[in-house]
Structures are given as structure tokens and as C-alpha cells.
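One chain, chain A, appears in both complexes that follow, with chain B as partner in the first and chain C in the second.
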Partner chain A sequence: MEPDTQNIPTLRHILDEFDQCADLSHRRFPELSADIVYFPHTVDNNLLIQEILLPFDRLQADGLDKLFLQSQFVETRESKAVVVGILEGCVAVFHGEAVYLLDAYGPEGRSVQQSETETVIAGPHDAFVESAPTNLSLIRRRIKSSHLKIIRCEIGEISKTTVYILYIKDIANLKYVQDLQNRINRIETDAINDGGTLTQFIEDMPNSVFPQFLTTERPDVAVSKLAAGRIITIVDNSPTAISAPSSFFEFFSSPDDYYQRWALGTALRLLRFLALVITISFTAMYVSVTTFHYEMIPEALLRTLAESRNRVPFPPVYEALLMEIMIELLREAGARLPTKIGQTIGIVGGIVIGQAAVQAGLTSNVLIIAVASSAIASFVIPSYMMSASIRLIRFGIIILTGIWGNIGLVMGIALIVIHLSNLTSLGSSYLTPIAPMKTGDWKDVFIRAPFSKLSSRPSQSKTMNSIRQKNKK
Partner chain B sequence: MPEKLRPFHIAVLMHMTQSGIVIFTLPRNLADYFGTNGWLFLVPCIVVSTFNIYLISLVFRLGQGRSVFEIMEQTIPRPVLYPFYGGLAAVWLVFGCMIGKKYVLIFQMLSFPTTNPMVFKLAVDILAFLMITKGIYSISKAATLFFWLSAWMYLLMLWFFPAFRWERLTPFILKGGHNQFKGAMEIYSAFLGYELSILLFPYVNKNKKAMAGVYAGNLYLAVLYISLAIICFGFFSLGQLKKLLYPLLDLLAYIQFPFIERLENLLYGLFLFPVLVTVVMYWWAAQESVRRMLPRIKLSVLSFLLIAISYSISFIPKTLDAVGVWITNLGYAVTGIAFGFPVLLLLLLLIQRKGGEVRA
Partner chain C sequence: MHRQNYSLARLSLILLLLLPLLLTGCKSDERILEKLGLVQTASYDLAENNRIKVTSCVPVIDPDSSARRELLSTVSDSIKEARIMFSRQTDLTVVSGQLRDALFGLKLAKAGLGDYIDTLLRDPSIALGVKVTIINGDAGRYINHLLEKEAAGNSIPNTTLYEFSRDYNDDGIDPVAPIVKDSGDKAVIDGIALFQEDRYRMKIPAQDGIFFGLFRDDLRQGEAALHLGEEDGRPVVVMFSSLLNSRKVKVHRLGPGRFKVELLANIQGSVLEYTGHHYLNKAGVRQQLERDIADVIMAKAKEMVSQMQQHNVDSLGIGIQIRNTLSYKEWNQMNWREVYPQVEIECKAKVTIKDYGKYM
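Up next, the complex of A and B:
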């Protein structure tokens, strides 16, 4: 049988493959009968000099064979493997008939900086960056254990994005790991650019408005999730790590809760759940009361409210929607513009538009207070994904209360509850620890109990090793 | 392996199924039919309902946790059972439907006198449909969350302590009532709902704790009913209580905060949660019965058809009084099923045991 000539890696074949790729670098060493081919922007220059250029400079042609015996040079006999290797940051060395790959991956990247979406007051400030190796190093340096296992997958027909699944052996439930790996392997798409995109491919119910996997930019959060028996997924070229499985209530904790005294952490956590109630119900209650249930306002307050609303020509639901949309516009503009201008837009736009709207008789003062409180409360929720989802469903509830008053509000809440109860995260209930009821988890979900009381891992992890600490004081 | 319902969730599910719209009229019925200290009549109701649950737990134990349909079909040919299944489904379906309709009519009376109540009914039915299609485990999860969203309301009873007077209870026991058999049946219907636990057997772990959940749910409901009734008897006078249409609404209207008052409207809205669970559970029970006859039909299609039928039926009674009559009459049938069904199953199990045909 004749050998498959197409599959034999030759310099000509590789150069043909990368034809019209202007960023490819091809260097010839005639005195050594060697050629190297690589993408300069994907390799670490120091490594290239140290491992190839300097030895090549010192050696004679016959010395190269000894050099290639070193383990960093991997002899490759398949053309496709050479192409993939070059794309992944390897330097392909052609010497005679043989081809060797040297892994010199080290592109330029953003240095480790603070997270902009998950800031904390106390505690570590470093955040994930776009380089998966850097992100893995941020985790590895925090978990110095051989039990931290990492599975490598590749997704995207064009992007060939590398995805790493991280778990701690003997703590994480392997069924979850297997399930997650299967879901990732089943993805058939051209490119995945971010962790946020990946979650929407692997979630249990991708059409839901609620995120079913927690995403984080913080290595300390990722490590705490791993230690709790959850699984972390890191996507190359994305600063967002995915934690799974997750529960609805998990989105209301912040790493700050653990870095501060437990009493303060508990108070903050309760405040966030209050913020959830305010976000969902404040504007809606205003609409409900001023449209249908004026009897609910005590007499003294009624006068203030009536004065505030007497010049407004619209029904309260239009007035509320107008202001809510205005707030969302300001928020979106603030998020898209550079930080300094964004802040100005936010403050000036808020005050000017708010005050002018009241003076022009387009809206009432009381509504401005309701809308502002509701917006501020939504920003208290630490997860941006969850906060955005809740702000979106708030519009639905406002419309429902505009139609049916209090019963509309209750029906909206019922709809949310029914939807939440149908959701799962990696097959486990999204409403853990309420349903299924796990009172043992409450002390690390609804409050942040002292560390001596947080002796077991969350039940949702379904870990075989639930004891996390034995200190009683 | 599908997840099983835990005892706590069974307790919550049963409690939420039992509590519903009757709570609004219960104190008045107690005063009207049983007179002074009518709340004492709740005690025999608790005993009877507990005995009924005991019968159900006997079925669970003797049947070794098998589905009640399996128990029946083991001795009686399936086609013979079809009319019985149909009857069960019809009673449960329409009973659930009327509970929903009554809730909607009261809300319409309170806040939206000019709106067509069938629009609200449609919204409630859509919610019920969304809840029922995902199966009993999701219903139980939603019921648990609904329980926590509404359970805090019972703390509002503390608000009435300053206005409570023991002397209003009077030293007389059950004087001034009338038509007590009818009253007993109506009041007992406030406890109904636990009988649906007989259909939960395939969804629970086969141990003693499973049925403990049903007892716990019933007991919690009993404690709430008794405390609410005592508060009503000590807050209103007997004559007043007899005349009030919905004493609980008047109680709630009494609550005032500096920034909000007349909360009965909002709090009545929150009673949608237990009412919704009650409606859904009766419809789920009807669905389980129909599924036995039509096993191949898709679950969501069946739910849709049943809810569409029930929605059509709910057009028939137009007024609260008419709905009340339907509920009272269906209440007799549901009470009959609550006692008759487990007794029938026990007889079948005893026959099977004698014939040595009990399957594990």
C-alpha cells in the first residue's frame, strides 16, 4: 500500500496550507538545513530565542539531531497535527524529512487586573483575564493540590476554542462532571467567544430569562466554588468562569460576605433579598395603588401623593414605564461609554431628566422615588446577569399591575415562582435549599453564619465528602 | 431515577392543598351553625380527618406503597374501573374549578366589580396549566415556595391581640346554632385536600415518614384554623360574626401601618398561592385518573384538554351563591371519596391478601 502523501508533513505542504496568511513567519537556516514556521503573535519570543534561535546559532547541522532528542521537541508525522500545532502557538521545525513541534505558546495579553463587574471592598482584587493559562494559574496558585483535576475540551468548528473543566477529585460529584463534559462536547457551532455564550449552550433551559449557571470573573469565587464541590469551566479568551450547578439563591452572595465579620455578612445578605423584593414590587406597587387601590394609602400620605400626581396626564402604568425605560437608557448609556463620561451621563441625565420630567408634569415625584429605589435595589444584587434578568421581568410585572392592580402583582410573582420551580441546573433543583428543603444550607445562603458553623458543603453539590471543616470555635 | 417527594414537601403540599378559599368563611360558618364557641367544632373535625389519613396510611402500608390504581386493577378488570376513574376525575376536576372560580368572584367583588371574572379565571387557569404540566415534583417545589411567600401572613394574627377579649367568647358552649349536619359537612370541607395524598404513593419513598408528612400538614392546618377561629370569636361578637360574609377579610382590613392601610386587598391577593395549589392538586388528581384510561395521550395535551373543559364548566355558575352551591354539593362527593376510596382499597387489599396475590 502506498503511503498517504497528503498526510506527510512537508514544508511545502504546510506553506501551501497557510497560503495568503500574511502573519505567518517562515525562517530558513540554510547552514543547518532547517526551517521554522510559526505565528509570531502567538508565541513567546523569549521562549523562541531560548529554545530555538540560540541553540541553532551555536550548533552545527549534525548537532541538531541531539537537540531534537530533548522532550520539548515533539516529532510529528501528520500534516494536520502540524497545522493545528502552529495554530495553537507551536513552532514547527523542519529538518530533513522530520518535523518537530515546540510548544512556545505565549501571546500578548492583558495583565491581571481588578474585576470591573464584581468589585469587593475587602479581600483579593485580582480577576480573570482573557488568557486561559493565566486563569488556570490564578486557580492553581490558590489550590495546591493534585486533586484539582482539569479536563480539556475544544469547541467551535472555526474558533477551536479551548475549554477547561475544573473539579476537585473526591469532592465534586463525577456525574455532574460527566454531564457537563457531555453537554460541552455536544455543542456544534462555528465559534464560542465568551463564557457567557457557552452557558447558553449548556444550560438546562436556555430559553429561560434566569441564568442557570453562576458566572464569575473572580478567581477567589471560583476557588470557593471548587472547594464547595462545584465544577468550574474556563473558556480560553474569556475572563468569565462558569460555576455549576447553581441555585437561584447563590446569585445573591458576594465574596465580601466572607471577608467581613459574619454579622455584617448576614446583614448584607438579608439586605440583598430585601433588594430583590423592592426591585420587583416597588414601582409595580406604585402603579397598582395609584391605578386601582387608592384606599390603601393613609389619609396623610394620600394628600402628598395626590398633589404629586395631579398634573400628570397619563395613567400611572405609562408614567412608570416611561421612567423605567429612561432609567434603563441611562444605565445602558453609562455602561457603553468610557467610565468617566458614563458617570456624568448617569448623574446629570438622572437628575436633569428626573427633575425636568416632574416640572413638566410628565411624571410625579413619588414615582421618581419608586423608580430610583427600584433601580438602586437592582444594582445591589451582586450578579450582573441575575440583576439584569430581574430588571427585565420587572417590566412584565409593572404591566400586569397596570392591568389588574394587586392581583396582577401576585399573578406576576406566581408566574415567576412557577417558572423557577421548573428550572434545574445540571439536573439539580434551581430552588435548592428551599425546594428541596435543606435547612442545613440556609446558614450559608440566607445568612452568613460564623465559619465554625459552616462545617458542611452545600447539598446541591451532591458531594461524597460533605465535611469541609471540623473547627468548632 | 426520578426524585421522590420528601416528608417535609408532602406536609407543605398537603397543607397548601387543604388551605384555600374556605378560610375566609370558616369563622362565620362556625358561629352560624354552631353558635357560641363554635370553634370547638374544629376539634372533632381534626379527629375525623386524622382518622381518614390513618385509613390512607393503612392503604399505603398494606399496599406496600403501590399506586392505588395498580391495587384496584389487580383485582378488578380495568374496563370495569373506567366509569369509576371517570367519576373521580369529574368530581376532582370540577371541584378544583369551582374553588378557582369562587376565589376569582370574591376578588372581582372586592376590586374589579365591572370586569368579567372569566378573564381572571383564564389567568388563574393559565398559571395552573403552567404548574401542572411539569409534574408533581415541580408542583411540590412551587408549593413550597408559595408556602414561604404566604406563611408569614399568619403572623399578622398577633396584630389582633390588643383588641381580643376573652369575654366575647362567652362561657356558653355551642349554643345558638342551627342545621348542624349541613354545617358540619361544610366546615369539614375546609379540611379536604389531604385525601389526594392517596395518589402520591408512587412518588414517595416507601417508609413510615412519608405518611407522617400528611399528618403534619393536617395538624398545622388545624392549629391555624383553631387559632384563627378563636381570634375571630374574641375579636368580633357572635352576632357580628354571624352577619359578616367574609370575616377574615374584615380582620385583614383592620390592619393599619403608617404608610399603608386597608391591606385586605393585597393580602387577599396573596391567598392566590394556596388557592392555586389547591386547584392544581385537584386537577392533577383528575389528570392522574384520566391518564389511567388514556395512557398514550401526551401529558401537556391532556392537561390542556382538562383545563379547557373545566374552564368551560366554570361559565355555568354566574354568582358567588351559585358557586357556593356547587362547592357544597361537590364537597359532599369529595368527602365521600375521601372516606370511601381508602375503605374500598383496604377491602381490595384484604381480599388480595387472603388470596395471597399481594405483589411487592
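Up next, the complex of A and C:
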């Protein structure tokens, strides 16, 4: 038992701990009998020069003690704390027996850029980056209030990823905050790399296809969620912020709805819900109509449809699945390839699959239109996570319609609705404001009413301060 | 505990999903579009020995084929039996879910359409919007001509299967249907066929169709060319367009089993053509013209109504109007077919000229 030598940080001990860490930097100042130890790539060079190197250059050995009285130098008596400190971007200064930590965190990182996955036409264009401090600053500069509270947690046994839970005191419901914090603290895993991964650890039903927490990489969205009484979680090293609790319909709104005039915003919202219907049912309708319900085809369309099906060797359901898989292949190839090659893929796919498949008689051109329009409609849904989930579900519905026709379609939609109403987000209903019925929320969910009408916060956030604004005009 | 419930629920959900697989059978209800013979027009004629001759028109969906449609014809005892026989004639499954036109030959119409209408209604795949048309002649022969030219005259309304069967089954109204005849290279509207119950009795010529329409129902749109006699040896014609008509009915009870019915047609329209010599921009002239038009309409209507009473067809639905003034018991005790010919029917028309052209 040598508790003392274990706990009291000595230079030798620290260097032992970081043995074979080639990126560790250790500098000696023999004339001052001081040593500094740090990771150069996590430390801001300017800060290092200004706070340590310049004063060290100026001062004599006895002046050093006075320097260390300044508050940025934190005296640390525990070996473990020093190790953690160095890992988190501090400079450890060894002077005689004493050890001081100077926080000089400032690693290289991507600068704030435009959002790639959630673009808007009007409105702010900045997006979160991988650095949590930058992300926090993007939010802090938008909410200049001491009521914006930030809880810091750490997850991952190896990665020690910092997670920040942000909420606005007196607006957010503390029960949600508590619940979220508990869920995050309960995580036992080695490493968390992204907000998208974190959501799957803390969701109410991780096995569901539907994302139960809205993820965004836009600070303006995060701020609007905070103001609505929701809670934002920011994961270090990830540009994805998580908003909770979320409802299914939230995934269909875009910040553009608020930056444009309300009539436009309303029209776009309705368009997106139409897109949802088209995505789920268009190809499926084609399958069910051509396989079972020929009675439903309008007279003017009958000849076109029958002629286009005439040379196709497969039953409609196989034909539809083939084309849907083709489109998904194209999409996935486009997503994984660099932009320039991605364009080529688009052209090759568009011409080869579209034109040639019809001419070769492999598919009917009406189906191409159906598949393409449902693919386009799926991309109208602003949240990539939601759009991907819905695209996946579509396959199930197509298979169901291939077996039972319209009954299969209705059954599929019924199963989706049943599943959705079973979901919760942080314990609150995922289908708010349909179930429970909160008609007061509808004006900011299905339409985007003028701001004078949007006077209260969404009921889902269960806020104690529901009045959001009092402007009557 | 919670976990267990959850997995149980999931298990039962999977079972629930698999259960309907038992319903699929042998895919016998699959109807893949290109393997179907879609009957779009079917005609029914009376053949010998009370059998019926059924002709069906099936579109040929092969784009390379020069023929656009194929005619299938057979003589059978029933409509549905004929469909089975058709399926033997082609490699396609003949189905009737895309039926748009049902044509009935005049001979068959005289014998009564009730059974055939019933068969068409019974098949759930046949829409209620199927058009019922009577063919003056052999229905099967004209099927091609009809297809080339959709029933054109707008003064003759289409009759759908729904309307026909509704009027057939309702008390106090008799069904009507457009009647078509062949005139050389194309089929033309011959008039309106009036039925007593389901049996054809008489027809109203095509040019008088508008007068029938005015007194049968409200009209939203229509056109009528009216002859108002002669002036300086030239016929005076008024083309009355954008017709808007609202029909009102007044029933007076004169005694037991005796009624007087007033049919009031309130007609509005614009004059598109006027070959007379008066200036229509004078209010007095216009009012005179309105009265003249009303007189022509009333004279035509009177003649039409007396014919209908002679043939004992209540196509204007006068029975319904009388029924509405009576109690259920009174109506049931009355034999409408005996009462109808004795009803005093007065047709009145009020004409309003809304506008009369751009310059004059």
C-alpha cells in the first residue's frame, strides 16, 4: 500500500502513465525548475505562448510562485485529476512539489459551415460542427439569457465523450430534464461517436423504425426547440443535436416555414404531408391496381396502363420491388460517392434505369413514374432520419399490396398507425397533437398560422410557462 | 416483467401478421391487368327461343396490333354465362369491371330489361355509372359505330345504371334511357326511350328531348333551337342557350283518385341566334319573344304529356309528386296505373331572356 505515491502527482508518475504516447509533449525549463506536459494538438498554441511561455521567459524562478497564484492555474493534488486534465486539453505545470493545470483547450476543428443535410433557402445558414464548445457558443449567442442551463455529463468508458443537456429554466419541464439525464447516465458503453448513436441508447423504443427524438444540425432549430420548452442534447465531436421530447409531426416541419410568409409556410407543410401519403402509397397503389383492382382504373388511363404493362414479364409486385431496389441502390451510391462521381451515377441511373428498362420491356413506364414520384416525395420530408424510415416501410407495404391488394395497403397503413400510437418520446405520446387530441397545437403542426396566432408553446413540452407571445397583430 | 410482456406482445403481433397468410388461398382472386379482357361495351339482344345474344367489346392492348378492339359474340341463356363462353374464345380472362356502356336492343327493351339490369347490379365489380342505352335495331351490329362516337346530343341526358334501376324500383316514376339508331356510317341519337316499369313503350324524338328535360328535372345547362313560325316567308328560329331551368310541381286534389298537377318550368337563358326582324334591345319586344317561346314550349309539352298518358308511362315522375301529398295508406290503396291516365296535367313555362347578344 502506497497511497501517497499513488495519489500525489509527480512528473515521473504522469510520464509513466502516458508511456508510449508518442504525441505527448514534455518541455523542461531547468532554469526555473519547471516542467510542462501537454498534448500539443489539443492545446491552443497562442494560449500556451501567452499564458506560459512568455511569462516563463520573463520571470525568475522565485517569480513563478506569484504567477501560479493567478486563477487560471489550478493547483491539483490528485494524480488521476492531472491525467484527466491533460487528456481534456490542459497543460500540466510541474513546479517543485506542486502541480498546476492550465486549461488551454483549443484543438483544430472544422470552421462553422453551411448545413448539408438541412438546407434552407431563407434564414441562417450556419450549422453545428464537431466541436461542442463551438456548438454551445452558436446557441449561447442566440439565447442571451442566464436561464439557459447546461448540464454536463460524460459517457463512454473509453471515449469519455462529453454530453451537454441544454434547457431553459422556467420553460422546460424539469421532469423531462431529469429523465433525460438519468437515461444518459445509465448508458454503459465503450464509445459514442455521434448524436445519432446516442439517441438509440436513450430512446423509449430503440427497436422501432421511427426516430423518437428529432435530430438537427441547425443551431436555429435547436434554439427554437429550446424556446418551445424542449431539451437539446449536444454530443461532443458530433454536429448532431438531439431535441426531446419530439412528436411524429415535428419531423415534417422545416425552419423555412417560419422564415417565409405564413401562407407559404402553410402550403409547404400541407405539401409535405401529401408527400408522406404519396411516398407510402403511390407504388403500392400501382401494384394493387394492376394486380387486383382493375375496376379502379379510370377509362382514360386504362389503355396507357395496360399497354405499358403488356410486355413486362413479371407480376407487378416483383416489377415494383425491382424498381424500388434500383432507386435505393442509386440513392445509396450517390450518398456514398464524392459529389462529382455522384452526379455521374445520377445521370447513368436516370437514363439507363429509366429509359432502357422501359425499352427493354423490363418495367412499365407508368411504374417508373410511380417509383420516381414516391422517391422524390420521400426526399421532401425535411428530416433525413424520418425520410429513410418511411422509405424502408414502403417496401413492407408494397409486399402487402402484392399479396392482398388494397386490403394489404389498408392493413399496412393500419399497422403503421398502431405502431406510431404505441410509441412515446421521453414518456410523452409520439402522436401528439392527434393522440392525445390537442387541437390548439394544430395551427403550428399541420399548418403554420400567422405568428399572432401562435401564442402558446406546444403542449407536448408540458411547460409551466405556456404563453409564448402576446402580440395580437 | 415488463420485458416479458413486451416480447409476448411482439410474438402475438407476429402471429397476427402471419394469420392473414391463410386467407391468400391459391391467388385465385389475382387479376393482373394485361391478362384480362376488359369488357368496355356490352350489348344485349333478344335471340330466338328467348335466349340472348351478347356482344362484348374488348380493347386489344398490344400496341403493335392494328386492331384497336376485338368483338366477342355469343348466344346464351344469361349474361354471366356468356362471359364464361367469351373466356373460352380468347386467351384472356374476360371480366366486366371496366364496363362503361350497356346497350340493349329494342326487341329486348320491349320484352323488359328488369332481369338484365338486376344481373348488372348484382355484380359488385360493375359500376353504378355504367351508361344504359337503347339501340333502335340490332344492338350487336352497332356496337362499333357507337364506340367511335360518344353519345353526342346534350339535350338527351345519359342514363346510368343507377338512375335506371332507381326509377325502375321507385314508386311513381318510370325509367328513361337514350335511344340510338344507325344512320349509315355513324350512330346518332334517335330520342328518349320511355319505359313502363322495365318495358319500352314509346320514344320522344331527339329534337323534342329538351322539352322533356325541362319538365322532368332541373337543368343546369342546355340548348334549344325553337321554331316560332314564319315571318316574310322565312322561318323564325330562336337559339336559346345557357339554359337554366328550375321545375316546380303543384298538386291539387280534385276528389278521390282525381288529381290536377301543374308543372312549372322556370327557364332562363341567353339568345344566341334570332332570325326574326324585331329589335331585341327593346324591352317590349323581348317580353313578347319570351311569351312566344313559352307558348311553343307549352304546346310541345302538352302534346308530349298526352302521349305519355296514352301509353301510361309516368316518365316525368308525377306519381312521386302525388305520392308526396298522400299518406302511405292512401297511396297504397290507389292503383297508380289506373289513376295516371286520368290526371289533369298542365305544363306551364316561364321564360326569361337573360341577355341577347353583344351588339344589338
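Keep in mind that, in the parts below, the second predicted complex is superposed on the first by the 470 of 473 C-alpha atoms of A that agree within 3 Å, B and C clash if a C-alpha of one lies under 4 Å from a C-alpha of the other, contacts with A are read in each partner's own complex, and residues count from 1 in each chain.
Simple rule for what comes next: a contact is a pair of C-beta atoms (placed from the backbone, for glycine too) under 8 Å apart; a residue touches a chain by one contact, two chains touch by 3 or more.
The model shown is predicted, which means the values in this text are computed figures rather than measured ones.
In the superposition on chain A, A:Val83 contacts neither chain B nor chain C. In the superposition on chain A, contact is made by A:Arg309 with chain C only, not with chain B.
When the two complexes are overlaid, the chain among chain B and chain C that reaches more residues of chain A is B.
Legend: residue contacts after superposition of the two complexes on their common chain; A:Thr291 is shown touching chain C, with no touch to chain B. Of the two partner chains placed by the overlay, neither chain B nor chain C lies in contact with A:Ile143. Of the two partner chains placed around the shared chain by superposition, neither chain B nor chain C is touched by A:Ile369. When the two complexes are overlaid on their common chain A, residue A:Val112 makes contact with neither chain B nor chain C. By the touch criterion defined above, A:Val410 lies against chain B but remains apart from chain C after alignment on the C-alpha atoms of chain A. Residues 292-293, 295, 297, 404, 411, 415 of chain A contact both chain B in one complex and chain C in the other.
Per the touch definition, chain C reaches chain A in the complex via residues 17, 20-21, 23-24, 29-34, 36, 38, 40, 59, 61-63, 95, 97-98, 100, 125, 127.
Every residue of chain A that touches chain B in the complex is listed here, in rising order: 292-293, 295-298, 301, 404-407, 409-411, 413-415, 417-422, 429, 431, 434-437. Chain contact summary for the complex, chain B toward chain A: residues 3, 6, 8-9, 107, 111-112, 120, 123-124, 127, 130-131, 134, 138-142, 144-146, 148-149, 256, 258-263, 265-266, 269-270, 272-273, 276. Interface residues of chain A, counted against chain C in their complex, comprise 289-295, 297, 299, 302-303, 305-307, 309-310, 312, 315-316, 403-404, 411, 415.
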